[in-house]
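Step one of this worksheet: look at the structure below.
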């Protein structure tokens, strides 16, 4: 009905995050880009599990004889969300420590390891 | 186009708008705010896709904890994206 | 003794919250017995964990039923009326764009944290006013007033009968 | 110059990903869903839970959850390691 | 009963719209907070009341739970919304944002309570 | 933060914790479960940190990490319980007793003591997530040490 | 599966208001303005969730609205606390 | 309870349990922690060995998690619903490599890490990294692969950021973390694409379903990107020298094993998941990247002045040999000429050789840094007077890595040279050129650091570190002197698992 | 004991025996010479431009100087690519992804 618009939008989010990773030098901005990619992927996962006209896959207070959406992607997305939080926390911890040493967040200024 | 489809499309547009803002703004705090709004609407989209489990997780993690960690990190570093 | 009172208060209120959350689960009554048991355990744990600071300086007084009754009366009576007025006020100002703002200071004479918080939130939701800061020492309120009539107002001029309600409910 | 090269490759990747998303099966109409129909039908009998997602998270795919808990544990240890008091 | 629900929904939507418009139209942070907080809270009250009425009308475990949840959400909103607004106003003032065309600013005079501003 | 925020935080912290407990407790009946409940409860720590400053949550660091370790151990041990069949087998489901009430198939109102090991695992993961995310918040709040009054 | 259409229509209206708030989020001259917009979006999202829960006729969806109503202001508080410290 | 039956999951669950409990033991007392760690490491190594013995003697072992018995892989109707651990010879081989590396690493870390610098946390992260690698090696489920991919990523990055007192450690860790996370998200996106298309997550079931449609191809490209990045193939290797250079030595050898596990996952995807639709283009891509990796990393190693970074580039170039070997096999997998199998054997044998030799080098560099306080080749010199054993070990590792007969690198490289010569002589010439460059590089490093007059004082190296290095040195010698035994008994079954084992793999899981 | 590698074989023990034989041969040749050919003269000392160099050490940076210098123009391009910026790392990932897409979509 709405075609593949949700899938396309998820890919747009992924590409948006990738754009931030490619062209933003600020470290926090890079983490934000990673978060956006992650949002896109999570949305993609949940979108694959949607069934038109389906309801929540929970039997408590459910109407009888209803079609249910696919539950597996939801479980996968839960895992993915918590993993995302873990990576975000660790990356921001690194950013904070880097800033403490270098007093800057610009990728070009904090880089020591090269060549 | 049913009403549900319209709702979904509007929310998707809002999510993309929030993410574009998060990438585009130079002020990191504003960027984080836009990211928070985007994740909020993402939870709404999960809700519409009949995934309340995921929506609760995204609510607890995205609305409170991620924003909190980002703001704390910006607080411990600096706010403006220098050119 | 005082610590026990704090724990018990917090646990009781936590149990009430749990009961509201878990209502309509029983097959015959409103609550299933196992829900009550589990909720009791959770409330006890929460009470033990946060009792020390959660309802500080409240103690048993918070459990007095007449305060809760009064709170409900306040909520559906003056508060709702004031909120409606506040919204119409905002509507008028949005349409006409006539504002005359400023931050004023007044002292409502409330002593406890609860009372001040209660008043501050009421002020924020009611016509033309927004609490910007509360002085912890003197209890002075700094209020952003959208239509300043008097640079040095009394509490009555800014927020009407609310301090009185706050005193009765939360002090 | 280099920037434009990156932009061009980015556009190639973007085109392929968007092509893939557009050529997916239609949204809301999964083609193969044997596994999920099994879950929806039998989780109440096998795992005795009303919430199918929880049944999957903790029973059918509990091992993923273990890995996920490990990720969280690892991240906490990592943050503690990185933000520990500097001794040198 | 349906009429009541429609009325509540209409009022709620109207006040929420007012909040959004106020957010756009007002000139500075404080007045925006005024508009946004009051109107969206009030509008949400009516939306939630509509849902609660719907739930009560449905009856049974599901309807009752729906009403209870709606009221609980309302209570939480009433607790958290003004607090967030207050914190934002205070933060905005301390970060140095002046009220727009203020006739009087007592808080600026006392210098942010007890704290010295750098 | 001001006294208003502090007082509201005092009121809301127990409420958030109870709500987290509810989400964990009813994880197998309504949306929710270990992660979600743990994340909600960890938000209480975030609230404490923002309302009262870093010194107030300083002594929570050690209990939280211990809580996380214990939660992880409990989760693995619960998984080991299934080793009569296989690792992670839901050995308690439908066996009667405290956690093994059978569930009627199809839509129903839900029974709390069903689910076998699922509720227990919910609790283990809930405490683990609470401990882990709480410890992360506390560590972030404490680092640098210049965020308090 | 929308079973109560008026609620869904009201939810759509709320989304429209969120769009308006998004404008403020994008143009807001100061961070405080953006934060106000975020706060407003929070409230509107809670209202939307409650309305859509009724529209779908599913009680179990309402828990999400509760979580949001309870937690959404924590993020706002963090931003406010950051603002309190001045533009450092 | 039947221990051999449950061994695959126990090999993963025991280190996880050990890691969860490790901080608690450390709170009680240090020696309790060390004892517990030794116990857990020993048990895990024994379980891994048990799994390997079973797999090598009786064939593929499956373990269905949560079912009523381990071999209950499919639901009625013939599709798997649960996570299935599928251990074939290659998985067991990778498990053995990780066990060797991890045990040696822990023995080394016992005295290498200082107590007041977060030793407990580093040991915990090491245990978790080991468990994650085992999980990646043993799993038969795509999403589970992603989860353990992330476990290894985060643990590895935590270890890289160990030296927070300098700015370089966190910087390297941040870069590595960003790359790992983005790669992991690509993998997850590929999993989501495959799930959306086929509604399944099991590797074997998906392998049967995949028919080469557009979505399959896009997912293949995403998986290639993510896994090649984690494996550190040029030009996606750039995080690797940073990370290897900055991490503590006992973590670096785990990181090296980690890249190999990613290579394993890549091979699993290419040969098993996409084995039904062989695409020579992908094979050539892998071969090209392998050759590029060899050359670029060796050239980059020539100009390095930091011993850690120098050895790190050497380690990256070894990844190229594995990619080259298995890539040659991949181009040949459709027609199945004999040299393809030899190439795969060479590539897989080189994994073991590389883990041993490069591990020895990194441990020696770590000992040098600990003893003399510097890794700069411009200022080091004459350490051979004080650190006699370390000197010998470094020389042994360097010669082995450069492919000097009769040490172990030579045998595997010979197999790779010969088979790639049959595919294209240029490849083999380039591979030999890279080997010569590496020899020059290591001779330079050896001469600069260890020979010459005594320039600075060096503290003695503690015995446990020497023992750890000695174990690896013995491995270098043994693998070099008896390559035929190793190839016949360990490597050949693993290579067969890639070369012809796809049908057996599917059969073991799906039962048909 | 012989590792067959398709077209050839490899036996380290055989190789060791051969190497031992060659070494013996070399020793034999060496032992035929005069033992005190350079003993006690300047020929024992390291030769550094004719200077007397006590304790001189050719550091790692100086060994193979010509070799490294000869390679330097080629390596300089490579070094420039290792800029150390995360953006460049990700850019290479995108490049490889694009190449993989092209190969997979066009080549198949």
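Labels for the chains are A, B, C, D, E, F, G, H and I, by order of writing; each one numbers its residues from 1.
Throughout what follows, a residue touches a chain if its C-beta (ideal position, glycine included) is under 8 Å from a C-beta of that chain, and two chains touch if they have at least 3 such contacts.
The model shown is predicted, which means the values in this text are computed figures rather than measured ones.
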{"item": "Each chain counted as touching chain C and chain F at once", "value": "E"}
{"item": "Minimum number of chain-to-chain contact steps, chain A to chain H", "value": "1"}
{"item": "Pair with more cross-chain C-beta pairs in contact, given C-E and F-G", "value": "C-E"}
{"item": "Per Cα centroids, the chain farthest from chain I", "value": "C"}
{"item": "Computed distance of Cα centres, chain E from chain D, in Å", "value": "36"}
{"item": "Distance from the mean Cα position of chain I to that of chain H, given in whole angstrom", "value": "24"}
{"item": "Rounded Å distance, chain A centre to chain G centre (Cα mean)", "value": "20"}
{"item": "Shared-contact residues (touching 2 or more other chains) in chain D", "value": "6, 10, 13, 16-17, 20, 24, 30, 33, 35-36, 39, 44, 50-51, 53-55, 57, 59, 61-68, 70-76, 78-80, 82-83"}
{"item": "Touching two or more other chains - residues of chain B", "value": "2, 32, 50-53, 55-57, 60-61, 64-65, 68-69, 72-76, 78"}
{"item": "Junction residues of chain A - those touching two or more other chains", "value": "1-2, 5-6, 12, 14, 18-19, 21-24, 27, 30-31, 47-50, 54-63, 70, 72, 74-76, 78-79, 81-83, 85-87, 89-90, 92-97, 100, 111-113, 115"}
{"item": "Residues on chain A engaged by chain G in the complex (per definition of touch)", "value": "53-56, 58, 60-63, 66-67"}
{"item": "Residue ranges of chain B touching chain G (in the complex, touch as defined)", "value": "2-4, 6-7, 10-11, 14, 17-18, 21, 27, 29-30, 32-34, 36-37, 40-41, 43-44, 47-48, 50, 52, 55-56, 59-60, 63-64, 67-68, 71-72, 74-75, 78-79"}
{"item": "Interface residues, chain E side, partner chain A - complex", "value": "61-62, 65"}
{"item": "Chain G residues touching chain E - in the complex, by the definition given at the top", "value": "4, 6-7, 10, 13-14, 17-18, 20-21, 23-24, 30-33, 35-37, 39-40, 42-44, 46-47, 50-51, 53-54, 59, 62-63, 65-66, 69-70, 72-73, 76-77, 79-87"}
{"item": "Complex contacts: residues of chain F adjacent to chain D", "value": "27-35, 65, 68, 71-72, 75-76, 79, 87-88, 90, 93-94, 100-106, 108, 110, 114-118, 121-122, 125, 128-129, 132-133, 135-136, 139-140, 142-143"}
